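A, B, C, D and E label the chains in the order they appear, each numbered from 1.
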Amino acid sequence: MTRGFLINLVLFAMLPVTALTALMLDEPFIITLTTKVAILALAGVGLNIALGLGGLVSLGHAAFFGIGGYAMGILAHHAQTFTPILENPLLIEGTKSMPVIWLVAVLTGALAALAIGALSLRTSGVYFIMITLAFGQMLYYFAISWPAYGGEDGLSIYVRNGFPGLNTLDPIQFFAITFVVLALVLGGAGRFAASPFGLALSAARQNPERVETVGLSPYRLRLLAFVISGAVTALAGALFADLNRFVSPTMLSWHMSGEIMIFVILGGVGRLFGPVAGAALFILLEHILGGLSDFWHVYLGLLLLLVVLFARGGMIGALAGRQVAHD
Amino acid sequence: MTTILLIEQVLNGLQFGVMLFLMAAGLTLIFGVMGLINLAHGSLYMVGAFAAAAVAGATGSFILALIASLVAAAAAGAIVELVVIRRLYDRDHLDQVLATFALILIFSEGTRWLFGSFPLFLDIPPALSGPVTLPGGIEYPLYRLVIIGVGLFIALGLFQLIARTRIGIRIRAGESDREMIAALGVDISKLYTLVFALGAGLAGLAGALVGAIQSVQVGMGEPVLILAFVVIVIGGIGSIRGALVGALLVGLTDTLGGVLLPGVFATFMEPSAATAVGSSLASMSIYILMAAVLLFKPTGLYGSA
Amino acid sequence: MTEPLLRIEGLRKSFGALVATDDVSLTVRPGEIHALIGPNGAGKSTLIKQIAGGLPPDAGRIFFDGQDITGLGTVARARAGLGRTFQISSLAMEYTVLQNAMLGALGRAGSVWRFFRPVMQDTGLREAAMSALERVGLEEHAAQRTADLSHGQRRQLEVAVALTLQPRAFLMDEPMAGLGADGSQRLTGFLDGLRHEAPILLVEHDMDAVFALADRISVLVYGRIIATGTAAEIRANADVREAYLGAEEAG
Amino acid sequence: ADGHGAKVKVGMITTLSGGGAGLGIDVRDGFMLAAKMAGNDNLEVVIEDDQRKPEIAVQLADKMIQSEKVDVMTGIIWSNLAMAVVPAATAQGRFYLSPNAGPSALAGKGCHPLYFNVAWQNDNLHEAAGAYANDAGYANSFILAPNYPAGQDALTGYKRMYEGELAGEIYTKLGQTDYAAEIAQIRASGADSVFFFLPGGMGISFLKQYAGSGVDLPVIGPAFSFDQGILQAVGEAALGVKNTSQWNKDIDNAANKAFVEAFQAEYGRLPSLYASQGYDTANLLLSAMGKASVTDPDAFRAALAEADFASVRGNFRFGSNQHPIQDFYVREVIKEGDVFTNKIIGASLTDHGDAYAAECSY
Amino acid sequence: MSFLDVEGITASYGPSQALFGVDLALEEGEVCALMGRNGMGKTSTIRVICRLLKHSGGSVSLGGQDLGALPPHKAARAGLGLVPEGRRCFPNLTVRENLIAAARPGEWDIARIAELFPRLQERRDQMAASLSGGEQQMLAIGRALMTNPRLLLLDEATEGLAPVVRQEIWAAVRRLKSETGMAIVVVDKSLAELRGIADRAVILERGSTVWSGAMSGVTAAVADQYLGV
């Protein structure tokens, strides 16, 4: 417990320390990069709720990530072109306010997860992986060929959305926002895992039959977990779109789903801080190796391979040793 | 649309299906039978195509190229199994996902390193090129007929191997309990290396056969990988028969969806909008098919619970 | 005569040509242990599965406490008060022994839709779980990972989880299997007392236990009940001796 | 002016790894060749790989602007990446010189004083193909492209110039590899010609399968599917196909001769369309650097707008929206020794601008 | 030196030690009962013999051959037939396929197994997953015999079997012993039934051999002390 706790603390502190150091050295891009780590980690935390706790290997989480992104893109697009989203039956206008956008992203993400989850959870194992992929791909192709919001070209937002009392265009302030969101969600996810619901959900992953015989429905447990997971990932999507001031169908592609999953596995499946470690390592590698050679993917591949082969339970697992189930 | 065109399109759909099966066959073997999620299957497909293109370029012989594709991919598969995969059998599926994802990166960029960034040339031999006329007056490319033949032959062979031979039985036994099959005196490691190499070889062969009428380039394996997964999931994992049926279904849906849907929408929409909506829906059609199949049969058409 | 708590009427289930449950009717009354014995493959587990809700019967009705539960799923039946143990242990293997028991207590309390209070600090649930572990003699192992238990210990835990549910009737599929001789003796004594809390439908091949415990015994052969009676009656039944007990037991 | 000789830092974001890397590599090589030949020490270039992902491209743009403090940006190959990067870059006061992508949104309403396109507006090559179809006397074309914005633009561009009937119009799936169904429809449609826009591997697959199908209608397309990097992979199947382009290696002017020779000497392969565009982009920039300092944006912009450099395409000037006005040619695929390449067989459109310039106002 | 020689083995599961010094010796044609309460290390001992669990100290040899260095499949080929605790039939294979998967040449073949367990013959094309518990137990025994072992290891092989079937199995074990001279190690909970077939007994407590000797030496007092009955 203590050792794992220490590692988590260091990992977590690393983000603001990096960002502040970059601020002092006047390297705004490093702050942006750190922000990206925080946001992708958030997406990973979302996936980890379904994947780590619930054992629901979703290869369609890009759908929620992208939905969050498009929630931001569409709202901001209408606000910046001064056109309403809907006039009939009631008038809905765009907005450039982050909190409102987040709320919309979380709600649409949750709704989409409810719909996709309700259908997908009839299957399990590899079939579940593939059916979630299928729903993700449907959305992806839809977004590509749907002209209203730019199709494959995506949507550009010229100015980052606003947060009351802050200047979001200042990299460090935007970082602060994402970091606080990440911290809150991590705190929530930690409590969640240790809660009665977390105990039952995790049991449903290990042995659904057992959960049924104590009078709990694995389907309902999983569906709720999937919805929460989708909502958190959608929130991350909205932040990611805001970071780039741009959203496009690539946010919905299966590569994105795969990448979020890689963060989780790399850090350690089911570990609260796993996605933070995974996203940080991945972005760091990408950034360092990218400058070395045109063929840097080879090195990235080799490094990832070494991690899987020799770091059981992801990075956190390797560092902290076997964790006794949370008691 | 005339009947003869419709028949031709159905034939195209079946043919595309068999092509998909060719790609999916090796994957079913590795994924369904050994229980290993191998994302790098598409890379082995690419290795086969590149080996074939290189050998065809150097010798001019298509047969030698095919042999090269089989050998190169099988060798790559065996090495990968010995060095990486073998440590992953008793791991979580997710570790397999990460490791084989890493392999994709290595294979893709490694191939680009060796062969450059531009597509390679691989064409069908003159003896197999050009169309033949089928009964009913349909002109059909001979090479595609050959692919159908090869695909069906491989389907039959694999089915026999897995369902009927003792090796097949032992492989399946190992999938559910490796420790137990070893305790019965079977050298399951060696068996798995062989199976993996065989699956890889089939992927490589498919890469060469299909590469001859498509483009041989880095990354060619990725779309194939997804399609192949779709196919074997629809058919039910571990079932060769399922993979064949799934491949044909996907082939037909994809082909006929693209052909018919715009027309269907044109009956009640203006033409340009109908084309747009119809084509978008056609792009999604196989995923809609897969979702529908899984909703009614959560373990695929021929899968066991 | 007391009203039966569990009543099964004309239950039938076939797998293809095989009729696994053939027009079975039986009752379990409050306070009794009703043992179900029969050759391997006679359909005992299949029957338990149908009562617990994992397998829909082809025909017939199941009544629990006067209410028709035939249409309910496993979860609803568990909530209604049917507790079950599996022939092959079915536990959350990554959890500690205590966590498995807590899961049962949680199911009993029905307080699963809570997301922020740490469950392991819930003293009420914890006490309920610990007392069940004590009753089967696993309290020393509470902090051990379930996967690290020996086979027999897992069988004990299986019973403990069923206890945490405080069900109104138990369905037990071979609880003695895998226990050592001493463990079986201990469990026999324990079940003997348990019947007063909730009646038990007991499937068991351990004849010492069955004859020591059962108020009534039903014998299932090829999906049909061929005899029901007291221990003495069953022991004396020639058909049962031939189909099931064999030479030595009869001696 | 005293700005002469001021340093210019160029940020090049292009695709150097994964699928489509060949195009980015050619643009980079063409650009760097021009820089090397000019030997101008004031030009500094930083290069990053966008992996063909818009999000990565956006972040790299942020990096170049925030950390590297570049003055000019260039390099992007794909329209969707350009749409992600260009508005942000110009909004932050950087020049952007596009060496390849020319989406209509950036040519019309979304034009910007700091944005220059040195290649073409996306519709141009398709318009040229439509014009050629008229010249060749085709009256019943079958047209197809993938179902995404660039594909829709392609068919729109073709139809803008083409005057005949359409035998069929199909949108295929992006990334499709099997075209048997489309080819059957072409066969049955009674068309007299086929126009297609299928970039990358899609075009290779289509052409190979078309060649094997026994349908022998004439095919036209934009240069992308017949460019130097890709032709060897298509092989015989491409021989004789007509395609439209604003450049070819046999355009007869001194700049082009020097370029083709130097490129072969430097890299050991024939230059491609993309290489020529990268080369022109660099030369445009160098020409402006000789006239004004980048620290004076207005002057630098005016210097760029003059387009006072020797383009390898011959005629080249900017229209009111700072997109090229240039000549388009029809090329035919031929075999020179062992190598497949193109030969110009005629002009298609001369002094041609784009359809969106009128919508652009600064 | 005996046919099967287990000397002072120690073994652990990760950090937790399960065996602290187990000794067991057995001659060909002999049956040894391995006894002890739940969790005392019987299964672990059997797993060490089969090489499914690596020992950290002591030695295991069969017919003079050191098993210690062999991987499990080689140890099995040296003549070990395992009926594991919990049956572990291959659920996705049919009964017949389960038997074929294990087959090695010798006098035991499918026909003989069918004679031994007619019930399996009836269900030969059914998936093992859907067999009743007892049927699976028979299958596990049949499967081990198909390897034609010299040493048969029966870990709770009669768990969940009906009394008649159990009697049949003990009869079969007696026959195996007298006709084929097979050596057998058996773990079972019924002391009475073990008395009928075992020649020797080894009793484990907390991972160590605490008593060994002739089966007849397991008096009521010994049973009470070590087994709690």
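The rule is simple: a residue touches a chain if its C-beta (ideal position, glycine included) is under 8 Å from a C-beta of that chain, and two chains touch if they have at least 3 such contacts.
The structure presented is a predicted model; accordingly, all values stated were derived computationally and were not measured.
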Practice task
Chains touching subunit A and subunit E alike, please list them.
Solution key: B, C
Handout entry: Shortest path length from subunit A to subunit B (each step joins two touching chains)
Key = 1
Practice task
Could you let me know which interface, B-E or A-C, is made of more C-beta pairs in contact?
Solution key: A-C
Problem - Cα-centroid distance, subunit A relative to subunit D, in whole angstrom - result: 36
Practice task
Compute the distance, rounded to whole Å, between the mean C-alpha positions of subunit B and subunit C.
Solution key: 48
Completion exercise
Taking each chain's mean CA coordinate, subunit C and subunit E are separated, in whole Å, by 28
Problem - Set of subunit A residues in contact with two or more other chains - result: 141, 144-145, 147, 295-297
Handout entry: Set of subunit E residues in contact with two or more other chains
Key = none
Fill in the blank from the handout: Residues of subunit D that touch two or more other chains sit at 17-18, 21, 25, 147, 171, 173-174
Problem - Complete list of chain pairs which touch one another - result: A-B, A-C, A-D, B-D, B-E, C-E
Fill in the blank from the handout: Listed in rising order, subunit B residues that touch subunit A in their complex are 31, 37, 84, 87-88, 91-95, 97-99, 101-106, 108-110, 112-113, 226, 229-230, 233, 237, 276, 279-280, 283-284, 287-288, 290-291, 294-295, 298-300, 303
Handout entry: subunit A to subunit D touching residues, read off their complex
Key = 27-30, 32-33, 36, 141, 144-145, 147, 150-154, 156, 158, 171, 240, 243-246, 248, 250-251, 290, 294-297
Problem - Residue ranges of subunit C touching subunit A (in the complex, touch as defined) - result: 52, 54, 73-75, 78-79, 83-84, 86, 90-96, 98-100, 102-104, 106-108, 110-120, 122, 143, 145, 161, 164-165
Exercise for the section: In the complex, go through subunit B and note every residue touching subunit D. Expected result: 1-2, 5, 8-9, 12-13, 15-16, 19, 108-109, 112, 116-121, 123-124, 129-131, 139, 141, 143-144, 210, 212-220, 223, 255, 258-259, 262, 275-276, 279-280, 282-283
Practice task
Using the touch rule from the top, collect the residues of subunit C that touch subunit E in their complex.
Solution key: 15, 37-42, 45, 87-88, 148-153, 156, 174, 177-185, 205, 207, 243-249
